[in-house]
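Two complexes come next, and they have one chain in common, subunit A, joined by subunit B in the first and subunit C in the second.
Right, the complex of A and B next:
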């Protein structure tokens, strides 16, 4: 086994908690082969990160390894003392963390953070600095000699993650662990990071273990895949085997639920019903049995066999033993496990001509400094334009998706529509009446009709209120008028398919999907006509995300709701949106029917976004360095001419001179590009 | 940065001005003739007339205030009613004793409290943590003047280890230091516990931050993680607290100076209030206010120095 650099075998781990022992990992085994990229994929609660922390020996205090071995270069890491582990961490095994915002200490400059990692090396201060500068240059930080003295907050998100990768590669580790390395990044940054990590792997001859829930990232980067569910490895194999010939029902379900893989749009998304099992209870049989549509009686009583097939293993009764099904697994493309509920009987009402929400020439600006300071510094215009001349409209029963990377102004626009921010210029009309900049007293009645779903499902709920109080709160605020609040709470819980016994729970007792349901119920409690949803599926697992989106679609069909969905998740947008509007640096760069825009983007930025999402199929990997370069510039340094020109691969001199005007391709479709990508015959 | 500094100085001046105005108004709202209050009921009419003229009491209050402020800006805080010495000279004689007391009191509290808090945070629920916790709450609960009286009774009267009253012989540093120990102990004791609790709480929070986990994942030794990384962040809220704490220490110092008969500014203000020696009261309060505002400004600048995020937002 010379090519195995890390061998996890039979790893079981418990967390001791007030509610008893949680059996977080059970008999986890997988080898990591030298020079390859292994992906550990699973939803929240699968234990994938716990595996990573046990490799590093950095588990929480209440964790207890009950059995197993983690052999690294022939030594069992679990048997090493702190000193010996510290000698390995950072030197032989290194890590890239999920969120570069929080995983780098804000008060020390990079120079110090880098040289501290080299504390074991007998190098002079200057040598350490040179080594760090060299690596920063290698990961594509411009002017590394100067930038190394910067602090993390002076770097943009993408540069910070580049620096994080540089830090982890500084000692030339044999094994690099990456914990959701792109989850906190925008689409164009994600593509750049994937390229960078692949490139470094080749250059440094490092083995990489990537932990992620993102099937696209796994398919794009990995050679081998480990699929985890509720603390167990359910399937392992090479990436093509997993994505094209998955043997475990869970793996198949996961793949079938990924909106990026569901070709048919507009329909309902497949889901895996149910929740992850309670790991503090006693577990018998197959861990996935409760949610598996192929579950047989034997699945609930007998531990499934570990069957070696193809390039890996799978644990399922369908493969071997009395429950074996010779027709399993079915060919790829057949929806075998992900359940698609029948669509509701109500036919989706055709959207009418009268727009519910209409935004015309909207501008939102923020002050960057006080008037006195601006006068002293000689700044004549101490403002930045967060939203610039935006037009949009939402009709009843219609879904408009507002898409853009962080810093595009999409959330600001949402807040300005809801009168949470003052509008500088332009108009917002709701139901024909102009509502912008109304005093709150006069805007309040409108809040019944315009509801907001906030981005963070748990964080936007008061932790001290029960679900019952939370979902009836809008009724209380707007004067319920003697309505029976208990009955209302039950009605709303039924509407969002939240079990009634959840009404007495508190937010911390809810899973992400359940908390999101509470958010939907709150938004619906006053029977609004328009819902503005900020990243409605952020932080949700693939299997749950479908449920929420289906629920939103049902409610729309039933009540003719208009949705304005603010998101950066393009695969989801493709499924739920009738029309999409793309924003960049506060401007609308393209708008049109979703299907058309996805099929043939006119603006190069739209094209970059659409093609930038890694596709969950290892045979459809993008060629290296196809990622669009650079980052969203700061609003303070808006480029001259077209905002996107500095990053645009198709930019011509004319693009840098004047702001491109908005051009209508058809009554429904417009863009702001001088040289659109749509073939000329399609332009009117 | 320069703009920030100028802005803060301007705001500080505004605060001092407001304090002065309030103080001035209060002194003049006390019923009765200030001259009689100051000189006593048996003062001769000539003495009262002379006093009234000298203190400009016959002019409108706002004229008096403007006069006081303009004199103060020129460094003249008026004269002691009884000795006729300039107030600045009287305060100058005494301010050293007060500064020594306040700085020593806070100094030893910081030197002991911060490490104790770190220790408690690194080993939560250990005996160090529990003992610090109990003692902290205990010492926070006891008012500093009680500590002063008890320590005086115990260490001076019973054990005869330390001198009881006064500030020591001028010029004899060791004598002055031995006179400083008990009052500094008395006013700082509560702060040891308070700081330990604060540092423990913010340290525990910081130790749970992802960047500490990163440092551990890169194999940094625990000592460096706690001292070089976590404390750098955890100390920031404590610095603000220390800065604000000087306000409380100024009033504790008044008690301590009275109990230990130290000739400091606190005792001076107390005596001056009893004697209706208004110029001295005004001067003393002005100096105390200015000192407090200066300390808060310094603490903010220290935070800016330690935290690059704050620095770049200035």
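Right, the complex of A and C next:
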């Protein structure tokens, strides 16, 4: 029997828009084999989600399939009417969405949402409930009999995604589609989700299609991989073949640019120069030619051949025909495609002199209710501590990375340092003078020296202002009298390598990488000495984040900037940070030189984070159930003793009794764990 | 390589797309035509009107529609068509001043309520709701009892009763954006409250208010007509659609054309602005504007 459960062949799709037809998918073909996990990987704009929606028949109204077939168990899904599609959707094909927050109905309890899914089945209400409880237990929700009556907002992010997976498995589908299933989750949650999905695939004999930009996730859980670029499938194959023996230059470039795969630290990250092509223009030749360093004249004129090699296909002139290169592909490990610029001429000055920023015993708390209501309810302490007794310092020319999952208080700390939130206790000094809780009028001059880059590259730009106005606004605010703002705008655009004609664009017309450059330019416009960057690579594609990080490194080398980088992205931290500080539930649990901390974490939480990142190599998969259990607890329910003890695999009774003190391993290295993981001989 | 070959055309192309979508809507075209008709006839009334609106022609009094008097004459022999054209000037004046003043004041108060401290928000909301709970006619009657009828009173009533509507919309939009990342980013750059409100909040809040204003014009025009009809608005001999209706109502058995002639412009103007407002909303609503 044929073991292909889903066969997409020759699928082409246009979006009709006000500015003409956008050819979003062109001749997309790939089979999905029964019982396997197929990953569709690509950057934003690659069309990977569009493929998913066309399988489900849930395309936007302006989409038009121009050719192709999507055969599911022998039937062409594109030819079915709505009625027939509805019978398949949810029953035979189901889907897990990226954001469980928005894909579940907020006003209905889970019990109702689950029984609604089974509306076609002739089962009693009790039977439906039992089936749902059983599945919730299966996906690891504690006390499912009670929790099934909860509403989505009563679940934490990780539990919500577990419930979403349970919902999609309820009808026992043959095919499960997952759209970026872990992107909205933290590192430790991501590892748990990967385990869960692998586990369910084995238990329910389901075929899974995962769409993701995350190479680590793909390597960790997939059997087969489809690589997409700008609406085309450029390469397919089994996961080992793709990761070890990639044949298409784009696949190679993706792999080479992933910071997790670049072993050498301290140098510049490889990048793919350029941007995804405009799909409303006419397309000739190879779609990747404009960005491909191996592009030949033939690549710009002739459509590349679809060459079957190994376990899959690749579309490239280098493989067959007049442009064939017998030495292609080069062995794994050779950087062949990504562009690695020589390191900047000026060597990064080692941290020197007095610290630029010094934070001592900082506490930030939020009120949970007003004073009157607290008095009425008899709550004595209507506060939660978001940041507790944090010490840190940043020297000029130094990069300190502040790492933690959501809810760790790292963003709150950054905002408190910049006086955007009031400080409850402790001190913040900048350049030797104490600055915490200054009235805005007296803090304003300091804003020239301390700049912040925000998490959302586009959302942190005022939407109705042109790039020119945005870049020069800091100069206007701080009264740069007499300066030629136009010239300044051009100088700054050049500095962040943003083409000058972008100055008259508006934020919604920028890609993530371009918007991020504008953010960098704004932060730099007043020549600050310290930059606090909140997730500087969030929302950026792998090929672009390298450019931003390289740019930041160049500017640091040139101006001796101090960076405080707030992030959860550990592979990136490994490349850019001199020192790292790990936060959990508002406390600093470990701090030290980046290389040392990565090589030998002292705190079990650090260890969990470092080992929790899926490594983009299918041969280095973690054994199942090595993921750390549980989730970051709510600040309202801070555990007694060590904050991490309830989740810690090494916790002993002593951990649950008292807060562990901060211990210095060396002048540079400290941790807050009673039983650190560092071998005793390292402890002096 | 930039996303589009013509780099700077992005914003312009968006605007052109929007205009084309707007003009492909029949409601928009009809609405726009009616609004232009209203504004033009009011502005050019002295030149278009065949007679002086207050010139009496006693021998021709109460004559029905004819080529000499398109909409007949009233009990004093004044040409109704000319009076309607001149009455449109009153309607336009009230609409323009009333709507624009209440929009500006409502916008400012709404942004203050949305961005300021909690107690100020509560206080302003209380005031808005208090004003809204007053029927405008009763408010007008009470005011006129104190001051006597005049155009100024009509304007004041219109403005006071419309402000809360604009303020509420502005407040809600401001609240939604208050914690947006770009506002925090502006604060981190040292931007003061005035700068944040005027440069960053206002451009994002004003869109829905403009649409609301277009739909509010007929309301304002009918308030004026209603007050004038009741005899507490525009005073004779000045003509307004309300006074024409009032006089026509008294003579409805002998000169029915006056009520008809006074009502038609009111209906057309209301339809025109309502169509225009709805078409504007459809065009600018972000949920309709996204193409993906």
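By our rule, the second predicted complex is superposed on the first by the 683 of 684 C-alpha atoms of A that agree within 3 Å, B and C clash if a C-alpha of one lies under 4 Å from a C-alpha of the other, contacts with A are read in each partner's own complex, and residues count from 1 in each chain.
Rule of thumb we're sticking to: a contact is a pair of C-beta atoms (placed from the backbone, for glycine too) under 8 Å apart; a residue touches a chain by one contact, two chains touch by 3 or more.
Note that the structure is a prediction, hence the values are computed from the model and not measured.
In the superposition on chain A, A:58 makes contact with subunit B only, not with subunit C. Judged by the touch definition given at the top, the superposed model places A:86 against subunit B, while subunit C stays out of reach. Of the two partner chains, neither subunit B nor subunit C is touched by A:637.
Using the contact criterion defined above for the overlaid structures, shared-chain residue A:117 touches subunit B, although it does not reach subunit C.
By the touch criterion defined above, A:97 reaches subunit B but does not reach subunit C.
Once the two complexes are laid over each other on the shared chain, residue contacts for A:380 go to neither subunit B nor subunit C. Judged by the number of subunit A residues each one touches, C leads among subunit B and subunit C. On subunit A, the surface touched by subunit B in one complex and the surface touched by subunit C in the other have no residue in common. Touching subunit B in their complex are the following residues of subunit A: 56, 58, 85-91, 94-95, 97, 99, 102-109, 116-117, 119-120, 151, 153-154, 167, 373, 376-377.
Those residues of subunit A whose C-beta lies close enough to touch subunit C in the complex are 15, 17-19, 60, 62, 274-278, 281, 290-291, 415, 418, 420, 440, 444, 447-448, 451-452, 454-456, 459-465, 473-474, 477-478, 499, 501-502, 504-506, 509, 511, 522. Looking at the complex, you find that subunit B touches subunit A at residues 3, 209-221, 224, 228-229, 232-233, 306-309, 312. Residues 1-5, 7-8, 10-11, 13, 17, 20-21, 180-182, 184-192, 195, 199-200, 203-204, 291-292 of subunit C are the ones touching subunit A in the complex.
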